[in-house]
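Before any comments, here is the structure.
Think of it as A, B, C and D in the order they're written, each chain with its own count starting at 1.
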């Protein structure tokens, strides 16, 4: 499929393929959005490059995708916005189910902090070098990762405790 | 201060692991500049838990503050007290079925959430929307923006101590509720937008109400300005509190009015116009100071701009259908459903499977909700349900800002800063 | 000190009874005025015009379960609400409600008032400490700091009145205003006194002690039942008391404006009724002012309150005092 | 008791009950447990158009120690339910609870892993309000139902 890229996006893609020729796996478009899939181990370098050389200063969002039954099950997507050109680009990395670890980009964009925590909370993907990797929505006592496809919508009974209906008498 | 100092004092009765990690993380924040004062006879510090049930946290935000007298040394936020997993729900619903859930995300401005989902689905499924529907959506969105900003104004001033002001803004909100009632039949969670258009046309009554509102509201806005702009106490409370510099705001990913109050005019309505925002004329108010007062001015001016947009929309409102006439893409009109067999079958099909975007398609579409950039990422697997639906919620992003600006402020400032950032927890907690 | 007569007991009894009632009436007035300011109706279901609302509140509070926090100090927790109520009641002893209508005339009445008024802060601070709650503690600390800061300008403002009269007796101060109210002679002092009185009674814009939005309820967060009810009543009693003090010190006490110039001699009964009516009317106006301000103005921040107290009001009140003293000494002679 | 026999059996206690119930029902201070969308309607319920102060209930006490009626407005998640229950335990007796809206009553549309399917799983609820969110009139109706319930209670002498 041939790509129809606007000039700024073309620049981005050219720059990436030039500097990280062995790290960029594929570039594709879907309904007008541009997705660049890169090797997981190079994400911090690529992020630094994109921020410093391509003006992707603003990190809009980070989210995970569960590619259930596929190889390299988890995908982490970085939603970047260039403030100079107004171009939006999505950078994707993939990781294995057994050892889902991705390097944290909090050193590049501090905004990634909470978004990465959310991905960890929902999918169980760990982020190396994250300053404060805790669950963000669910309590730490919860054992599961709810947005994984095998987790039932109604939850697992008893996985989160309900309050006791007799008043505290521990003191 | 040692961690054991906090932990030994804490006696959690539920979610023990969670509380432990939270205090641990508070402990770890800024450890480099933290030093133990040997001469201090009070070796323990006061840890104040604000929330989750607290009058000023706009819902169920929990702040864990380490205090030095009245000054906040460091803080951690704990959110998720409203987490219900809408993204998981979305994977089990058709796109249209998911619409009411978006209402309950940012419940101060449900209309713009509906439009965000609709435009995202329309983008991924290539649905053409009639002109009139675009304009009706814009009117709804701007009304929602005014309604949201009004509640922000009321609660922010109320948090500063003036309780009546909240009631006065609520009087105006009631008018917007009336309009919404006339448009869609409910006070605020109206789910009026549909994939491929809107549910029904504006009635004459609704149009009359809107016209009356846009004529009277600027006067009210002037009154608010009169009351607050020269109010010394209000000024002192808000000036230079919660200051965020432009670079920091971009780094930490602030969005919406919070970012614009820091001096960066990022507005999705201008950046990548959706609906027909490229055909109306409006400005993006910005301020350079980045403090709470700047946020106040930005939002107040935005309300004025919204009135301007609604006026233009009413002038330009074209005649025509309000929903696309393609039974594979949107619900047929009720006339068809009641009086023709085909219409009824299509209605069934839409309810049962709904609209099916092509397999493997991915798209992201953002709108400028009152709180900031509200984006929906959808990945389709070719069925009527999304494979993955991710909501980029502005409140979530802005709450992260809160964790960074609170350090060094006073306890009394927390409430006005939370008010100034205007997070909605229903949206932040997903 | 004047002799204690039967009149004293009657006046004292009536005044105490009316003060307790006035707290209830003020509660009702506050709810109605608040409703009026906010385009609402206000209580109207209980009794005619909802007049029985405070009674319903009090009966309900009386019969509610009383809670003392587990790790709180039970004795202090119980004692704390009594202090503001008692001090509020003690103040009426020296306030003249009309010509000759007062419980007692202490020759150091002003000092007595200041001393008693500053006692009530102990109740608030103890309540904050004995509750074993952080919000209460913060509220109590704020109360202590705020009271100390505003006692001084308050005292200086009163002192600037006392030098006009040359007597520390409250009755003399009231008598001296027959023609000229002190608000005309000493306007700066009056303003300082009003501000400080607002701060002393913990009302908006100085209600950081309660600070519903930040500290939930401040010092009374952990109080329930009638203990809370006593704080509640004490707050309104202090509003009434402070209004009375404003009237007594600056707004002519029981005198009509420039009454000495035009008011003819009246029979003692009519004069007494007129005096008390005028006094009550003026007090009611200031109570309304308290309520009005409460529902329209935002609240200060802690450091701003301190700054206002120490760096603005205190120097201003001292300068005011010195200037008045100088004028009286050198010019009036 | 002499008085009892003179005035008829249970006369005094019934009178006392009437007084107590009258006071309690007309001074029911709400504890606004505003969680989600319903909280906005709860504000409207105290606002100018609906004005709950007519019933003497506009004194929103955010401290549980001083509140009588807890209005659970919004969905209760598992994480939040502990806080709600704790606040309920902190409220002194007598106390009542309104589950406002479909989510608080049954879980409503949020049939998913995070939400407790009805606040009555951990709270004794006195009145349920339907609607998502209910209109403020419905909340006032629920409050009046609570008032009716209070008026029918025997608080002084339980068995006469």
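We take it that a residue touches a chain if its C-beta (ideal position, glycine included) is under 8 Å from a C-beta of that chain, and two chains touch if they have at least 3 such contacts.
What you see is a predicted model; the values in this text were computed from it and never measured.
Chain centres were defined as the mean of their Cα atoms; on that basis the chain farthest from chain A turns out to be C. Taking each chain's centre as the mean of its C-alpha atoms, chain A lies 61 Å from chain C. The distance from the centre of chain C to the centre of chain D, with each centre set as the mean of the Cα atoms, comes to 35 Å.
Averaged C-alpha coordinates give centres for chain B and chain D that are 30 Å from one another. Our note on geometry: chain A versus chain D, Cα centroid distance of 44 Å, whole angstroms.
Residues of chain A found to touch two or more other chains are 137-139, 146, 151, 153, 161, 163, 168.
Residue positions 13-15, 54-55, 80, 83, 85, 88-89, 167, 171 of chain B each touch two or more of the other chains.
Within chain D, the positions touching two or more other chains are listed as 47-48, 62, 79, 82, 84, 111-114.
Contacts between chains, counted with the stated touch criterion, involve the pairs A-B, A-D, B-C, B-D, C-D. The residues of chain A lying in touch with chain B in their complex are 30-33, 35, 57-61, 63, 65-66, 77, 79, 83, 86, 88, 90, 109-111, 113-114, 118, 122, 131-132, 134-141, 146-147, 151, 153, 161, 163, 168, 170.
Of all residues in chain D, those touching chain A in their complex are 78-79, 81-82, 84-86, 89, 111-114, 116, 121-122. Residues 19-20, 22-24, 26-27, 47-48, 51, 53-56, 58, 61-63, 65-66, 68, 90, 92-94, 155 of chain D touch chain C in their complex. For chain D in complex with chain B, the touching residues are 33-37, 39-41, 43-44, 47-49, 62, 74-75, 77, 79-80, 82-84, 87, 109-115, 132-133, 135.
Every residue of chain C that touches chain B in the complex is listed here, in rising order: 34, 37-40, 134-135, 138, 142, 204-205, 207-208, 211-216, 295-304.
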